[in-house]
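Below: a set of structures, written as structure tokens.
Presented sequentially are two complexes of chain A, the first with chain B as partner and the second with chain C.
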Partner chain A sequence: MMKQDTAKPFDVIIIGGGATGAGTARDCSRRGLRVLLVERFDISTGATGRNHGLLHSGARYAVTDQESAKECIKENMILRRIASHCVEETDGLFLTLPEDDIAYQAKFVEACSQAGIRAEIIDPKEALRLEPSANPSLVGAVRVPDGAVDPFRLTASNIMDAKEHGATILTYHEVTELLREQNRIVGVKVLDHRTKEVKSYYASVVVNAGGIWGHNIAKLAGITINMLPAKGALLIFGHRVNNIVLNRCRKPADADILVPGDTICLIGTTSSRVPFEEVDDMRVTPEEVDLLLREGEKLSPLLARTRILRAYAGVRPLVASDDDPSGRNVSRGIVLLDHAVRDGMEGFVTITGGKLMTYRLMAEWTTDLVCKKLNVSAKCDTAEEKLPGSRESGEEVGKKIISMPKTQRNATISRHGDLAEKLARNTTTLDNSLVCECEEVSVGEVKYALNELDVHNLVDLRRRTRVGMGTCQGELCACRAAGLMSSLHKYCTRRAKEDLASFLNERWKGMAPIAWGDTLRESEYMAWVYESVCGLTLSQKQE
Partner chain B sequence: MKFDTIIIGGGLAGLTCGISLQRHGQRCCIVSSGQSALHFSSGSFDLLNCLPDGKEVENPVEAVERLKLQAPEHPYVKLGKEKFEELAGSVVEFFSQAGVSVTGSACKNHFRITPMGTLKPTWLTLSEQVACEHGDRLPWKKVAIFNVTGFLDFYTQFIADEFHKLGTECVLREISFPALERLRKNPTEMRSVNIARVFDKRENVDELARVLKDGRGNCEAIAMPAIAGLARTDVLECLEREVGTRIALLPTLPPSVPGIRAQQQLRRAFEQAGGVYMLGDSVLRADMEGDRITKVYSYNHGNIPFVARDVVLATGSFFSQGLVALPGKVYEPVLGLDVEFVENRKEWYDMNVFAAQRYETFGVKTDNEFHGLLNGAALSNVYVAGAVLEGFDAIKQGCGAGVSILSALFVAEQILRK
Partner chain C sequence: MNLQEHNVSDNNFEQCIKCTVCTVYCPVAAVNPDFPGPKQAGPDGERLRLKKNNFYDETLKYCLNCKRCEVACPSNVKIGDIIQAARIKYSEKKFKLRDFILANTDLVGTLSSPFAPVVNGVLGLRPTKAVLDSVLKIDHRRVFPKYAFGTFESWYKKNEAARQSSFPTQVSYFHGCYVNYNNPQLGKDLIKVMNALGVGVRLLDKEKCCGVALISNGFIEQAKKQAKMNIEAIRESVLAKNMPVIATSSTCAFTIRDEYPHLLSVDNADVREQVELATRYVYRLMARQGVKLKFKQNQKIRVAYHTPCHMEKLGWAYYSIELLKLIPNVELTVLDSQCCGIAGTYGFKKENYKTSQDIGESLFRQIEACDIDYVVTDCETCKWQIEMSTSKRCEHPISILAKALE
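Our next item is the complex of A and B:
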């Protein structure tokens, strides 16, 4: 444990590697600021990676929250343009089922049009023709511009752009202290989880973009933000049952959105308050699973016969209004706190609340505030400038990497957009071998992720490439990837085995709540292969 | 279709039972839906590595008594110590007659090498693989580890590091020649079974021998992945003769070439003894009369029944779909036999994937003669063998193969005694 003071000067330090932190790093660096982003684990490990991946049209909020609805539709249109390789333009349907009040539909359409969201009532038969998996007993349907967005890709792409503009990104660096001089925050002290070193970094402004964990980060400055952790559980199914997002046309409630994404689809969410002590280890209960299935089947009865891959939960960072300590008056909108104004603490800003859809807008507001503090006049261009990966169409990229086998080519382009070209450069036939057959991830793609995308372990790798996200949940690909990582000297074989053991445990965490039927078969097989055949054990971690 | 015995399931238990019955003059039919656990095997068979309380077992025959208290429904407890010892002692000879050559003893576990390079206790090991006497050292001082370039299911570096810890020096070598390069054209082809097909051709074996000979240096042994000899059984022999060095085949990640070959060999032995093996068919239902099954119907044969005096259920565990789990229930899907399980699914699992999982002990209930129970009563002509049985944790106790083989042999005895 050595203490090391780092001389490199920064204008702004951003705490948190979720979509908001990454977006803020991008915006700040594009406006010429010297940026450091610190994240205690990997990017997208919090709420960013634990939601629906829904590109909200805003329709869901139209009736209850016009402001959020307007923000959503505006950002929706921006993301389609700047992050096309992370977005799938699926459209969405709001279904009225026999048990729902059909009168709500008119109110809903009216509210959508007020918010500027295209909402078109279509004939139930037409809705079924468009989306055959929808509940055939539906009595009404409205079509809206919903879509699917891959939050891992989106965040990684923001990080990449920030790096291209000079930002420094440190993952696995946890803030342990906010450095303070009188009434000013001047930097952070971080623990590097990989080397166990403690380091200090200084900047003129520190941005707290820690999501629900921002609560504790603010506490380090002696500041209280009244946050309320709200758990949302979701289920991932092994097939893409629907191609259009399915919603219930009623007041927002539990388990009423089914979103397709890549090779799978997702139902969610539940909503329940949880204590702060639990936010680091969210587990989905059997009751939540039962509820999600019960409600999900109403959207698409096919779900009853579709294999569930895993269950997971995220924590929304809800913020109670400052004048209401009881926490009843909760805003789901964006909360930007200038602690100089609010608490008399200079050089410290918290950005929280909001949602994945508005990450860019949150970043813009935050960067505007940071720039104001630094007297920088540069304007935001993140709504116009495309993200890395989205600068060329998939077709164009496909032509450039024509030598790659077709299915692999398509999978790679869908994951990396125009960066697929960079990935394919200098690859040999050896690199075409598949590591993960479920998701068509090649040796070359794994190498690219290891070399270019800040990957330190198998879970990081999964977030960049989808290794282990498919039907088998990492049965064989995890071991292959660990082997590759160790052969590329990413880590030693002892660490590789430890990493493999913890990857398998992480996968099991999501499988156990739904381990019956084929998932239990798969689990038994996994235990058989890794524990019986390979002799991997718990003690692997302790050795 | 009339048989003496219908065996449902063509894995290790079904084949062992079938071979035993055929050898004693019965006419049996095995109905198999396809792959079995042997396809994912390590190339060794475990008898009993660990007691439920976590205590490691050196001598399974001695340890089996202790199961009585710790796992009263364990199949070995139903056999009793004497029967266990008698049957376990007969297996090396039984397999050898079936053309599967194994080494090992029920009175002393030996050690096999895992695909990770570690040593793990076991009972019987296929002769072309390595059976180490001790758990803390290898039989070589210096070994050359070969792998096919780009074969991702075998990790030379993992193995070398573990070998090093055990005091054995390693050199790493790659195998690459044109016949293997052709496989690489398709990104999914570089897998154990496909490579093994390359080595079913004589000229490729000769080429491999040259590569091994050139690369072995002054090593006293060569280790390579078990990716040779799927159709041909003499590959290792040829290689050792050509190279002049002891060659050890190490297990790979699945599919397991040695396991598939053992399965094929057992099937051949069963058929050579006159048995009928129906591959790709599954039993759907059965007709009952009193406490007996009179007819069995399969998918492929529709309304044409299988008629037999006795029926053996050897359909395997969850993975093989001998057991099926629903959110609050586990059932046996073929005959609907009674299954031991707990309803609350929270109790099925431990959240640590490497801890004992209770669901592993669920299975079909039987009496002490392994008659399957239906609504609490034993069916007089239905026997249950192998992984579908209740009362044991094949993974934690390291007893999966042993339970399959011994319960199958015991069931065969019961049927023949009638």
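Our next item is the complex of A and C:
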């Protein structure tokens, strides 16, 4: 191992490549700061990539937490504008079922209007006409401006904008040490997982945007943040059952949101405390699957008969108030800690709590604080300036890549927005052939992702393109994608095989908790193709 | 733990495990790169269309609805039905005079039959073909089936109706448009065969075109109307009169049995098992009940059997083949089961002509290599295609059987 001190000076180092870190990198770089973002794995690997992908209207929080509700609806409207290619304007319904108290509906609508959320009571029959998959026994329905947001696209787009404004992004760089001079953090020591090099980077301010892992990052500075890891499990169904977000009109509880996201739909979530030792390897339990199905069927009875693709879980970074060490008084709001004020540690800031919906606001607050420390007066413009991909309408982009087959063209535009235009450069027949058939990902799109979107392995590629996210879960596409990566010299043949095996194992991890019926049949077929026919040996990572 | 024990949803495409064998067996995908193939057009595409209807791709019109994908599928996915249903649901179709003419086989037949000699002559003329090609986009290379002078129905009512009702056992005959307007001889052959077996042949109270061409050309409401009328008439025959319904056309039989419930939502469960193919009925009568026929001691007939796609889907080619084997002096070759390419009205359309002929190419070669008197098949459009594209005559197995009878 080599120790390397990099000379390039930075104003701010951001730790964490989730939505918050990416948003902060974008905001800081747009305000003229020299930015370095370090992430131990790929972008959006933590809670960012492991949630509902719900574009909250805020209605869910209206009764219990007006502040969060107001933040949500404001950010909701901003994201529709600045991140249109990551957002689907589906609207949402809050259903009152016979077992729910209909009196809650009036209270709910009142709270929504207080928070500035459009909430319209509609006739149950009208609700069923709008969303035929909803439970037909519903007795009440309220329509709100919920939607779906793709967190992978959103994060990638923020990263892209940050890079356009000069930010340096280092994925697979894990912070091992916070560099400290007396009572000031002056930089970070990182381990490059790909080269095994250890490097040091220096900046005036270090931002800890590590989500639940921010707990350990703060510890490196000897600082304790009272974080409480809360696990949330979800199920992904094979296709869209609903086209409007379905919620229950009652106090927020387990498994009461069904979100249509891209080609699939998701039911979630559960909520349970887990010890810190488990946060790196979340497993969905049979009890959680049962609960999700039981409650999900109440929103849409069709779920009882719909194929489940995967189960997965994320960890919310909940933070207990500083004056309440017992952890009972947990906030779901945004927590911005200036450690100079809180702990007497200069040059170190932690941003945590909050939710995907408020990532931009969290980034704005953080950047405001960083700018204050650096005496920079530039104003935030991230609520107005559109993200890369959202700057032109889908129809306009479609005209530029008209030579692509129609389904492929629509799929590509839905994933990359106006950046799909870059695929027009691909003109060979091979570029128009498919890597992933379930999600219509072409060779050209994979090449674009490999060349421009910081992809180092198949899992990274999946996050950028949906390769392997369809019903076959990598059965047909994984080997093609690995082959392409190898032929484009992303890695050697040996690494390609290892990557392929680890990708398939990662897919299996999500299938195992719900491995029955056609999902099991398909995974058996997949194992037969890869192991028995192609002779792929699975790495030791396989359990 | 809840294992979703009843997890076969209405969305049958979820049973697809992406093995892709359907696309391997698709005759269109093999020759036309514009067609995405059954896997992509069917289960894969359906998932995308459920996301947003702009994922519907007009290239689905290249599917010739042969259902060979469904026969190949080990997961029992109704791939062909998914594709046809998507066309019905999403296609923004503009009315085309050509499609209307091609789809309304009985209307056009009714108009043409009284003037058959003139119509046949005119349709064969090069200027007519040029006009059909340029104005209607019906390919000029296509040879039209000849219209008969006078329909089978009118012949039957005049000459046979009374005699047939004197038989102790009777069946209803769904003759279809082809027998009625183009080839009444096949209907007459069927009567000869059935009578020889001691069975009288009656007609349904009312028979409408089965509607297969209406479905494939997107005239769904009309197809539904005709389907309902046919099922009513079939019910009358099967349930009230206790007479099963037999058809000589494999496509008519397939449409009534499977397409009515799957694509038109016309329920036929109470009579479906009583609608079958003439060859199956005859074979089972001879093989199971030992009914004997008297055959001529004539010279050898060499025939080659072609399995139409819908016979493959019905799983009934066996009966036609075995029936042919029961005829003495018939020397039978069974051709490889493959699509001839015409698929009803599909091959008549200018834009499909090349695909149609490319699909049939290897079949035509195999036929030409056979030293035979006739190609034999249960489907009339296969017959047109084979007679147009090879030097051989093509006959229905029932006609071959009738020829061999004393």
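Definition applied: the second predicted complex is superposed on the first by the 536 of 543 C-alpha atoms of A that agree within 3 Å, B and C clash if a C-alpha of one lies under 4 Å from a C-alpha of the other, contacts with A are read in each partner's own complex, and residues count from 1 in each chain.
The criterion applied here is as follows: a contact is a pair of C-beta atoms (placed from the backbone, for glycine too) under 8 Å apart; a residue touches a chain by one contact, two chains touch by 3 or more.
Nothing here was measured: the structure is a model prediction, and the numbers come from that model.
Visitor: Does chain B (first) or chain C (second) touch A:532, or do both, or does neither?
Guide: In the superposition, A:532 touches chain B alone.
Visitor: Of the partners chain B and chain C, which touch A:286 in the superposed model: first, second, both, neither?
Guide: both
Visitor: Contact-wise, after the overlay, does A:334 reach chain B, chain C, both or neither (first, second, both, neither)?
Guide: Neither: A:334 stays clear of chain B and chain C.
Visitor: Figure out whether A:437 sits in contact with chain B (first) or chain C (second), or with both, or with neither.
Guide: A:437 sits against chain B and chain C alike.
Visitor: Based on the superposed arrangement, let me know which partner A:476 touches: chain B (first), chain C (second), both, or neither?
Guide: Touch partners of A:476: chain B and chain C.
Visitor: For A:406 in the superposed arrangement: first (chain B), second (chain C), both or neither?
Guide: A:406 sits against chain C, while chain B stays out of touch.
Visitor: Tell me which touches more residues of chain A here: chain C or chain B.
Guide: Larger number of chain A residues touched: B.
Visitor: Between chain B and chain C, whom does A:509 touch in the aligned arrangement: first, second, both, or neither?
Guide: first
Visitor: Would you sort A:304 into first (chain B), second (chain C), both or neither based on which partner it touches?
Guide: So A:304 only meets chain C here.
Visitor: Go through the superposed model and pick first if A:521 touches only chain B, second if only chain C, both, or neither.
Guide: The answer is both, since A:521 touches chain B and chain C.
Visitor: Enumerate the residues of chain A that count as touching chain B in its complex and touching chain C in the other.
Guide: Residues common to the chain A contacts of chain C and of chain B are 286, 290, 405, 434, 437, 476, 516-517, 521, 525, listed in rising order.
Visitor: Give every residue of chain B touching chain A within the complex, in rising order.
Guide: So the residues of chain B in touch with chain A come to 37, 40-42, 46, 114-116, 118-120, 149-150, 152-153, 155, 157-158, 161-162, 184-188, 190, 251, 253-254, 256, 317-319, 321, 324-327, 345-346, 348-349, 351-355, 357, 359-360, 394-395, 398, 400.
Visitor: Could you please specify the touching residues of chain C with respect to chain A in the complex?
Guide: Listed in rising order, the residues are 1-4, 6-11, 13-20, 36, 39-40, 44-48, 50-52, 54-55, 57-59, 75.
Visitor: Using the touch definition up top, name the residues of chain A that touch chain B in the complex.
Guide: Touching chain B from chain A are residues 283, 286, 290, 405, 408, 429-430, 432-435, 437, 442-443, 476, 479-480, 483-484, 486-487, 492-494, 496-497, 501, 504-505, 507-509, 512, 515-517, 520-521, 523-529, 531-538.
Visitor: Help me check something: in the complex, which residues belonging to chain A touch chain C?
Guide: Per the touch definition, chain A meets chain C at residues 238-240, 260, 262-263, 286, 289-290, 293-294, 302, 304-308, 405-407, 410-411, 414, 434, 437-438, 440, 470-472, 475-476, 516-518, 521-522, 525.
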